[in-house]
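A short write-up of the structure that comes next.
Labels for the chains are A, B, C and D, by order of writing; each one numbers its residues from 1.
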Amino acid sequence: MKYSYFPGCGMEATGIEYAKSLAFVNRAIGVEFIEIDDWNCCGATAGHSTSHELGMALPARNLALSEQQRPGMPIVVPCASCYSRMKYALQAAQGSENEKLSRLIGMPVSGAAEIVSIMEAYSDPVAAEAIKAAIKKPLDGLKVACYYGCLYTRPPKVTGMENCEDPQAMDELVRLTGAACVDWAFKTECCGAGHHVDLPAESKPLLYKIYKNARANGAQAIITACPMCMMNLDMRQGAVNMAYGEDFDLPVYFLTELLAVAMGAGFGECGVATHFHPAKKLLQNLINNKEVV
Amino acid sequence: MARIDAENWEPKILAFCCNWCTYTGADLAGLNRMKYPDNIRIVRVPCSGRVNPQFILRGFQKGYDGVLVCGCHPGDCHYTSGNYFTRRRFLLMKRLLEYAGIETGRFQARWISGAEAAKFRDTVLKVTEEIRALGPNHRMKEADDHE
Amino acid sequence: MAEKNLSSLSAANAVRIEALADSIGAKLHECYQCGKCTAGCPMAGSMDLMPRQVIRHLQLGLLDEALHSRAPWICATCYTCSARCPHDVPISELMEAVRQQAERAGIRPIRRSHLFTKYFLLPLKWFGKNHELTLTMFYNLASGRVLQHFSYLPAMLKGSKLKIFPARVKNREAVRRLMENCEREAERI
Amino acid sequence: MARTGVIICHCGSNIASVVDVERVALAAGQMPGVTYAATNKYTCSISGQDMIKQAIAEHELDRLVIASCTPRMHETTFRKMLTKTSINPYMLEIANIREQCSWVHTDKEKATEKAIDLVHMAVAKVLKDQPLFTSSIPVHKKCLVVGGGIAGIQAALDVAEAGYEVTLVEREPSIGGKMVMLDKTFPTLDCSACISTPKMAEAGAHPNIRLMTSCEISAVTGYIGNFQVTIRQKPRYVNHDTCTGCGLCEEKCPTKVTNLFDQSLSKRKAIYKLFPQAVPAKPVIDSEHCTMLKSGKCGLCSKLCPLGCINFEDQEDFITETFGAIVLATGYDLIDWAKAYPEYGGGKYANVISGLQFERLVNASGPTEGHIQRPGDGAEPKTVVIVKCVGSRDPAKAKAYCSRACCMYAAKHAHQILEKIEGSKVYVFYIDVRTPGKGYEEFYDKTRADGAVYIRGRVSKIYEEGGKLICKGEDTLIGKQVAVEADMVVLETAMEPAHGSTETAATAGVSADKDGWLTEAHPKLRPVETQTAGVYLCGTAQGPKDIPDTVAQASAAAAKVLGLLAKDELETSPMISVVDAPKCSGCGFCEQVCPVKAISMVDVPSMYNGKRVTRTVAQVNSGLCSGCGACSAACRTGCIDLLGFTNKQILEEVDALWQE
């Protein structure tokens, strides 16, 4: 399987573990992501809160580049925020705004290629089969909460998500590793990542509620497939514990990290070693205990 | 019937139940196999408004320890207004009995619908216990020729 | 609070609101004020007007009140409201449109949010990609929160999560032109 | 000496497992007046019934006690069985030893004792039973419908179509009611006149319907199947038998009068048809305003009428007829808002109008030919405020109830204004928007899409300033005061029962609630019947409702009427009250407590000290009595008694217990 690949800025910085683990998994299952040459930032929230045009045009240029470089090839987007922007741009390019968009970016764009998330790419039957086959160190005994967040799911008219209140794609992939997924109520609640710089105080309660519900439902860890959510959930867990007098201990893993570990990747190799909230011990203990038995 | 002596005394309760609500509620209690004390004897009347004050007095005269009048809830009377008369009559009756020196607790009125089987059972339980606490009705009972 | 004379609102006001709604395909009359948007909003606790009330002000033609509200700036654009609206009113998008219009009119009820957006786009215009160090430096200086997120720095550097030198797009000229085109287009409206 | 038979039922093991039925039978055999006592496994079964029949014949029994399940279960079964024996079906008492004994008690000894008591009570009662006989009353197969609005028309047509004669009485000179005043009907927006006038014409021409316009009912006596109704024909001063409705008189009449059909928005003549499509299409003279009738001057119409139909000497007339059923469809009026709402100008602003006035304004056959013009100056209003719940949901000022149709016609009014007046603005002040009907919510959605601005909140005050009507309210959704400068204000006012309708209903023995809406027999299960058997109701007479509900209810009432008229005779229950006239003091207490007005006080000749005197005594109408016994309990001389539950019977039951 080959995908045109839009990594997004996060994959080169705070989401570095995502990039590492993703590369490991792709190698293990024989999936190829081919980076769009000369892609630019999608603009994220800042783009669309500045103007509708900017919010559409920045991602549209990436669409146009992919179309030019690899016509018809589906584009995989590993960041939820980028995914949302790309989907919006795709819709705009397919609709009445096509002409305007082409004019703004200075090149033709048709909106012919499909946009898929990591979850969608890996849920493909061939890929899923390959993942199953590649699992070497099953993670049974681990209970995790799959966190989808906002932008993979909403608004459903743009994302095309069938059940945006209780999505299952990530849960199904996680179960392939042998880990169990808890049923919890906050899998699509907003974590406030977009405000972590300008309104950190106002967005802190959002994180607190997510941790609280995950813990209450028996989760030992949180799984995400978005570098923005990861940074927010991982980096600020300590601050939330401090602010609320709590002792949440919920390591946050990228979906690909979990897959990679289950496929036998080393913790450093896939990124688990460099999280803000210590993430190595939980998985290490799990695997060690098993080997003893 | 067993002779009543002080030790085995069991209260005797007479109940007038309207055909449309309370009598039906009592039937439903049976249908649901609910259990309640056997101290009660029900006289079926078409409407609680049919209950002549004379019936109540006669009950006490004949040695009943308590008399209960039951009908539909106010506003639900099968005949529109019958139970309103019952209510007014009930208040007068209480005062009359009080005047005659009878404990007013011996005479009670309750609104029990055809669906309120449990309320019927609970009423019988409660009223039986209340009358039991009051003891036998000596005051108004006719002189017993046998004694 | 001053009484709102609905009859003294200018026609231009109504045109502006209509244009604002039209730009995102929202039909304001479809909102029947059930409050489900507010009920599910993760940020409502920090807002001065509830999301429902922002729409209500627009329905009544009270544009200035909406433009001066902090709510559209606090909105996290999580789309929970839009996804659950019984009448399919694109509330998140509407909040965004209000914020954009306020921004253009120089109304910035939350300066920090304005600064964040501004400095997010700065490296973008220069390099074609986001650069967190540039953003953080400019933002922290402009907002007066010089040491915000400073404590995370060592860990970020250790995990090479922070790039000292920004990644760059080869055709930076194209991205800059794109952004300028958008600015012009937005001003036209 | 009575010969009572007592049957104790086992009911399989339902009774017999708890109650010692043999012991009960043994005890019953010892009771005074009992000739025969036996048990039966299943008394209600065919073989059980055969066994009873056999015992009756064999032991020459003259009355029967059955101790079994509740009488509510099989009383009718056993009565039916007795019709085939020598015993009168009412010489039967049932002791309830299942539901009220074996099923609720566990102590066998005590349950058996209680069962014996219950049988004893039944035996005591049956000894005082008398043979009772059902009687039948003939049904007069003719229906009276009171009120010629859409409800009355629909009910009349349904009954007439089924082949029965109907008399449709309307106090106005034409049938049609409120619906013909309306312009369009929600939510489909079909023209009200277009759908109601064909029904009026059909009613007017139906061979089974007799229209009596300008008529009112003045007295009703009798009972179900046999109501004698007196109808007052008001003078019309025009001979409708000869009048062709040419209209010359109306054209030439010099006297102009405020047209109430147009809600006072236009003038009509003193000789007039109510509206152009009136049925009957013939004029009447308004005696209050005709100068000839007032002062003997004019008479122009009489001179002009080519057929000599004008008769200034016309008098009111009373017609008495018998009907088997009566339908009350007396309708509604709108409240007089001006009195209740001085804060809305109390009627002093010409451009503050009612919803019905708006209907006339927007109606193509109305005073402005359908152009929405301000009554004050004829100008087209650009900004219109619609205020809902004026008088509804306002217990302090007018009515506590919701008038049900206003939310929808307010939406319709808003739609019509926005459609007819280009560039117009409509603000609708509301408390809630209630749209429970097919297509209603969608219509409301559409009205908002048309541009109507809905503001949640009551208007506090309306005043005029600089040629505008300033409406002050709160938008409760944002919690701020708002003001709208309107050119015209439409008040959607509350419905109230049509004036005089409660009096009319009282004439027919039907009561009304505190607001004057006629009371149905049961709010859920008997919605079109009344406490008076044979009298039905439909439409807004019963409570505020819209046209679809009104028409549905009218057809429901018609179905009830047809169920009655389809019978030749009605069987009446014999368990009714009887008066011992010589003992009656004529106090009238019984008459007051009777819920169905079955008791009346009548004068009868009597002898007192050898002299002929007239005494007033109570008389029970056996067709009306429902057998509740309230009269008997209220009677101070004890002269009125309830057959089947006589004082004696009940006292015997009371006495029977715990006797040694």
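The rule we apply is simple: contacts are C-beta pairs under 8 Å (C-beta built on N, C-alpha and C of every residue); 3 or more make two chains touch, one makes a residue touch a chain.
Owing to the predicted nature of the structure, the values given are computational and were not obtained by experimental measurement.
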**Q.** Averaged-CA centre spacing for the pair subunit D and subunit A, given as whole angstrom
**A.** 68
(Q) I'd like the Å distance between the centres of subunit B and subunit C, where a centre is the mean of that chain's Cα atoms. (A) 75
Q. Per the centroid of Cα atoms for each chain, what is the distance between subunit B and subunit D, given in Å?
A. 36
Q: Would you pick out the residues of subunit A that each touch at least 2 other chains?
A: none
(Q) If every chain is a node and each touching pair gets an edge, what shape is that graph: line, ring, star, complete or other? (A) line
Q: For this structure, give each pair of chains that are touching.
A: A-C, B-D, C-D
Q) Can you list the subunit C residues touching subunit D in their complex? A) 1, 3-8, 27, 29-30, 32-33, 49, 52-53, 56-57, 59-60, 62
Q) Where on subunit C is subunit A touching in the complex? A) 23-24, 42-43, 45-46, 74, 76-80, 82-83, 90, 92, 96-97, 99-100, 103, 110, 112-113, 115-117, 120-121, 124, 128-132, 135-136, 139, 143, 148-149, 152, 155-156, 158-163, 167, 169-171, 174-175, 177-179, 181-183, 185-186
Q. Can you list the residues on subunit D that touch subunit B in the complex?
A. 70-72, 96, 98-101, 103-107, 110-111, 113-114, 116-118, 121, 531, 575, 593, 595-596, 626-630, 632-634, 642, 645, 647, 650-651, 653-655, 657-660
**Q.** Residues on subunit D engaged by subunit C in the complex (per definition of touch)
**A.** 383, 427, 433, 445, 448-449, 451-453, 455-456, 468, 472, 475, 477-478, 480-486
Q | Complex contacts: residues of subunit A adjacent to subunit C | A | 9, 12-14, 16-17, 38-41, 43-54, 57-58, 61, 100, 103-106, 150-151, 153-156, 164, 189-190, 192, 194-195, 197-200, 202-203, 205-206, 235, 274-276
